[in-house]
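Shared between the two complexes below is subunit A, which pairs with subunit B and subunit C, respectively.
Then we have the complex of A and B:
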C-alpha cells in the first residue's frame, strides 16, 4: 500500500475507537431516550409501550416547565456575563504577563484537581450559618445573628461562576495570545492611546474567544444539576434537576426523556446559532 | 537641522547591553539604513526611536525636540512592521484611515487623503478588501500607505521586505525608494540584507554587537571599510593577517602567500595606533587568468582552483595560493572557464586593496 493511501486511511483507523464509543455510549442511548419519550407511565408504575404524545404535550404546554426553563436560561446567562466580566481582565493579565505564564495557567487549572462537588460544597463552609464569613462578622461585632446567605439564586450563580470561570479565562486567553502584539503597537504608533487601542483592536480581535468562552459557560451552566442541589433553595431548581426528579425520584422515564430532549434541543439550537455566526473552530482552540 | 538625533543612547536588558552608547545624526529627507546581523542592536535602536522601548540612557531628538518621554501615540512616527501588522478586522481603507481618525481629521479630508495614499502605493482598487485577501506585496504597500498617510516626521521600516520572496523583494525595493523620494520623508530602515542596504540608502550605518561599526555612504563603506567586521560583512572579501612593512620608501602590508603589497597612504593611515593589521582584497577585484596569459601591471600569483561555484552570470572560484584560500568572483565571459584542479594565474591590483586595523 502506498504511503498516500495509508495516510488517507489512517485518520479513520485512529478515530474508530472514539467513533465506536460515541455511537454506543451516546447515539444509541439517545435513541433509547427518543423512543422512551413516546411511552407512557401508567398509574401502576409500569411503562406502557406505544406512541403517546401525552408527555410532550404536558411539557410543552405546562407553564411550570416553561418557567423553570426560563429560570435556567436566566441563571446561565447571568453566570456567563459575570464570568466574562471577571474572566477578561484575568485572561488579559495572563496573556500579557512576561515569563511566568506557565505558572499562571497552572494555577488556573489547579481547581480542576479537586472534585467539582467538593469545590461547590466549600461554599457552605464560607457562607453557611457557622461559616467563615458569618464568624468573622460576628467576631467583629458587626452582626449578632448569623446571616442566611446560602440557598438562593445568588449562591447558585456564585457556585456556577466558581466552576466555570476557568473555562472562560482559558478561551479568552487563547484568543488574546493569538493577537499579534505588533497590531497594538501599530495602533499606538498611529495615534491611538492604550484605551482606544484596546477598544478598537484588542477587544474586537478577542471576541471569538469571548464568544467561545461564553458558549461553554452558558451550555455547561444551563445543563448543571449539582450546583442548585447543593447551593440552591427549593425554588432555585434548574432544568436538569427536573430530569433527575422525574427519572430517579418518580421513576417516570418517559417524562424524564421528554425533559432531557427539550433541554438538548434548546442548548443544541444555541450552539447551532453560535456555529452559524462564529464557527466551531474557535471553540476547539479554547479546549485544546 | 537633523531630523533625528540619537545622543549616546544605551539599551540594557538586565545585565545584557543590547545597544552600547550610540550617537547618530540623521539629516532631513535622507534614507538611513541600520544594517547588521541579527542581534546587532539595529531593531532595538529602531524600537527606541519608535517609542516601543525606552532607552536606558541617552536622548532621542526628533526635529530638535527631545522625545524620550513622549508616549508612542504622540510621537507622530510612521512605522512599517516586518509582518505589516495590518488590522485583520478592518478594510484596507479603514486600516489606512486609522491614524487620521485618531488625529480627528474630518471625514472628507480623511477620505481624500486615504485615496491619495492608496494612489501613491498604486492600489486604489483594493480599498474595500480585507488584509487577508491581499498578497504579501500588496499588504506591504498598504502598511506603507497607512504609515505615511499621517504625514509622520520620520518613517521607520523594520525589515519590511524580508517576508517577501526574492523577485518581489527587488521590485518593492525600487517601489519603496520611489515613494520615499517622491514624498521626501526622512526614513530609518532596518535590514540584515546588504544588497537592500547598499541599493536604497543615502547613509548606511553598519552595526555589530550593539555598536556602530561604520557610518557613511554605501559606496564609501563598501569600497573603504574601516573595520574587519565591515570588510567581512559587506560583500565577499579575502582578509589576510598582515604586518606593516615598507619597501623602497613605499609602505604597505606583508601577508602570507601574497608577500608585500604596497598601499596608498590613506589606507596606511587607518592602521595608526591599531594593534593588528589586515589586508582586505574584495573577491570581485581578483582576476583569474590562464597560466600562460601575458604579464600586466598587477600583482600575479600562481594558484590552484579547488572548487567552482557557478552562479549564472557570476562564477565563484575557491583558489589555493601557497596554502592560503582565496575566494574570487568573476563575471562569466565567453569561453574562459576553469575547472577544479586547474593551475591558474591569480591577479589583483594593489590599488584595490584595503587595510583595516583591529585592537
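Then we have the complex of A and C:
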C-alpha cells in the first residue's frame, strides 16, 4: 500500500470506534424513533405497527404543543441571555487575571463534580419556606412570614442558569484568551479609553465565544427535563416534559417519538443556522 | 406440598390398606428414580438463579423491604435480591415494556387496575400456589380480585393496602374544618399557594369526582371534573411526583394540605410533625401486590414471595413501611403497631374501603391521562 493511501486511510481507522459508537448509539436509535413515530398506541398500551400519520398531524396542528414549544424556546432564550450577562464579566475577569487563573478555572469546574439533580434540589434548601434565604430575612426582621419563592418560572430559569453558566463562561473565556492583547494596547495608545477599547476591540473579537456559549446554553436549556420538574410550578412545563409524559405516563411511545423528533428538528435547525453563519470551530474550541 | 409430606401420605395409605405392598414399593421406586434423574438438573437450574430483581416505591418503603425481607432472604437462601425503585407505576410499566424478558422480575405494584394493564400487555406469569403456602394467611378478598382478571390464576400475591386520603397541617387547618369540607378542602381559596396534589391522573380525577359529588368509579359529568381540576390547578403550589417529595413538601410547610398516601403521613407523624390525616367518604383505597413478570425465574420468585408472606416477615415490613399487611387479622396476630396504622381493618373484610374499578379506569386511561396532562400544564 502506498504511503498516500495509508495516510488517507489512517484518520478513518482512528475514527472508526467513535463512528461505530455514534452509529449504534445515536443513528440507529434515532431511526427506531422515526419508525415508531408512524405507529399508534392501542387502548391497552401496546403499539399498533403500521404507517399512520395521526400523531404527526396531531402534534403539528394542535396549539397545545405549539404553545409549550414556544414557552420552552422563551425560557431557553431568557436563560441564555442571563447566562451571557452574568458569564461575560466572570470570563473577562478570569481571562485578565494574572496568577490565579488555574484556580479560578478549577473553581468554575467544581459544580460539575456534583450531580446536576442535587445541584438543582439544593435551591429548595436555599429558597424554600424554611430555607436559608427566608430564615435570614426573618432573623433580620425584614419579613414576618416566609416568602413563597419556589415553584415558578423564575426558579426554573434560576436552576437552568446555575447549570449552564459554566458552559457560557468557558466559551467566552476561550475566545477572550485568543485575542491578541497588542490590539487593545494599540487602541489605548491611539487615544481610545478603556470602555471604547472594550466596545470596539475586545467585545467584537469575543463574539464568536459568546455565540458558541449562547448556542450551547440554548440547546441544553431547551432540552431540559428535570429542572421544571423539581423547581417548576403547574404551568412551567417544557417540551421535554411532554416527551417524558407521552412515553412514561401515557405509554404512548409513537406520540413521544413524534414529539422527540420535533424537538430535535427545531434545535437542529438552530444549530444549522449557527453553523451557516458562524461555523462550529469556536464551539469545538470552547468544548475542548 | 413437599416430598416429605408426599411420602407420609403414601405411607399412611399403605398402612391403612389403601395400597398393597407391591404398589407402595413400586411408587417409592418410581419416586426415587424421578428424584435421581431430576436432582442434578434441578440443582444446576436453581444454582443458575443467583439473584432476583425487585422494584418498589423507594424511600421508607424500600428500606423496610430491604431490612426485613431481602437481606434475611439472601442470608437464608443465597439468592440476592437486586433492589430497584420507581417513582410511579406508569414509569415502571414503560421500563418493563422496553426491557427484554426476564430483565425485571418482581414489582410492588399498586392497584388492581395496574394488574389488569400488565395482563392486557401479556406480561402476567402464572404462580404455582403450592410453592407459596403462606398465601393461606392472606385476606381472601384481596386475592379474588386478581383471580378474576387472570382466569382464576395468580400472577401476584397481595401484600399490603392503604388509602390515598387527605393530609393537612394542623397548625393551619383544624380537624373540624377537615371534617366539614372533606375533599373540597383542596379547592379552598384561602389556601391558595399552599395546596399540593399528586400528579397521578387517576388520583386527580378520583378526587375531582368526590369534589363534584360523583361516584369515583362511575362519573357521568366529565366536564364538571375537568373544570374542577382546573380550579384545583390554579390554587396549587406544585404537583408532587414521589412519596419523598410529598413528605418534604408537608414537613417543610411548603404546602398545608394535599391528598397523600396513608403510610407516608404516618411516617411524618412518627417524626413528630403535626400532620393530620383523614379519609373522606369514598376516599381512594388501594391494595398493593408483589407481581411476578412473565419470563422471571418462577421458583426463585415464588420462594421469595412465600418468605415475604411469612407472618413474621410481613408484619416487620408492614411496621417499617406503615401500611397494613394483606394478612388476615382473623387468622394472624398482627401485634400492637399495625392496628394503629391508617386504613387498618380489624375484621379483614375491607368493606370500609372503596377500590378503583379496573375496567372503568383502564377503559378511560388513554383519553383521561392525556386530557389531565394538558390541564396540568395550564390548558
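What to note about this one:
Keep in mind that, in the parts below, the second predicted complex is superposed on the first by the 281 of 288 C-alpha atoms of A that agree within 3 Å, B and C clash if a C-alpha of one lies under 4 Å from a C-alpha of the other, contacts with A are read in each partner's own complex, and residues count from 1 in each chain.
As a convention for this text, a residue touches a chain if its C-beta (ideal position, glycine included) is under 8 Å from a C-beta of that chain, and two chains touch if they have at least 3 such contacts.
Note that the coordinates shown come from a computational prediction; the quantities given were computed from them, not determined experimentally.
On the superposed subunit A, the two partners subunit B and subunit C both fit, without a clash. Of the two partner chains, neither subunit B nor subunit C is touched by A:102. By the document's definition of touching, of the two partners only subunit B reaches A:193; subunit C does not. By the touch criterion stated above, A:3 is placed in contact with neither subunit B nor subunit C. By the touch criterion defined above, A:142 reaches neither subunit B nor subunit C. Looking at the shared chain after the overlay, A:118 reaches neither subunit B nor subunit C. Between the Cα centres of subunit B and subunit C, as seen from that of subunit A, there is an angle of 150°, stated in steps of 10.
Ranked by how many residues of subunit A each touches, subunit B and subunit C are led by C. Look at A:13: by the touch rule set out above, it reaches neither subunit B nor subunit C. Taken over all C-alpha pairs, subunit B and subunit C come no nearer than 47 Å in the superposed arrangement. When the two complexes are superposed on chain A, none of the residues of subunit A touches both subunit B and subunit C. Against subunit A, in their complex, subunit B makes its touches with residues 50-52, 71-79, 81-83, 85, 87-89, 98-99, 102-103, 146-147, 150. The touching residues of subunit A, counted against subunit C in their complex, run 41, 43-46, 64, 68, 124, 128-130, 148, 150-151, 229, 233-235, 237, 241-242, 245, 247-253.
Residues 180, 182-183, 185-193, 196, 200-201, 204-205 of subunit A are the ones that touch subunit B when the two sit in their complex. Taken together, the subunit C residues at the contact with subunit A in this complex read 88, 90-91, 93-94, 97, 117, 120-121, 193, 201, 233-234, 236-239, 241, 248, 252-254, 363, 365-366, 369-370, 373-374, 376-379.
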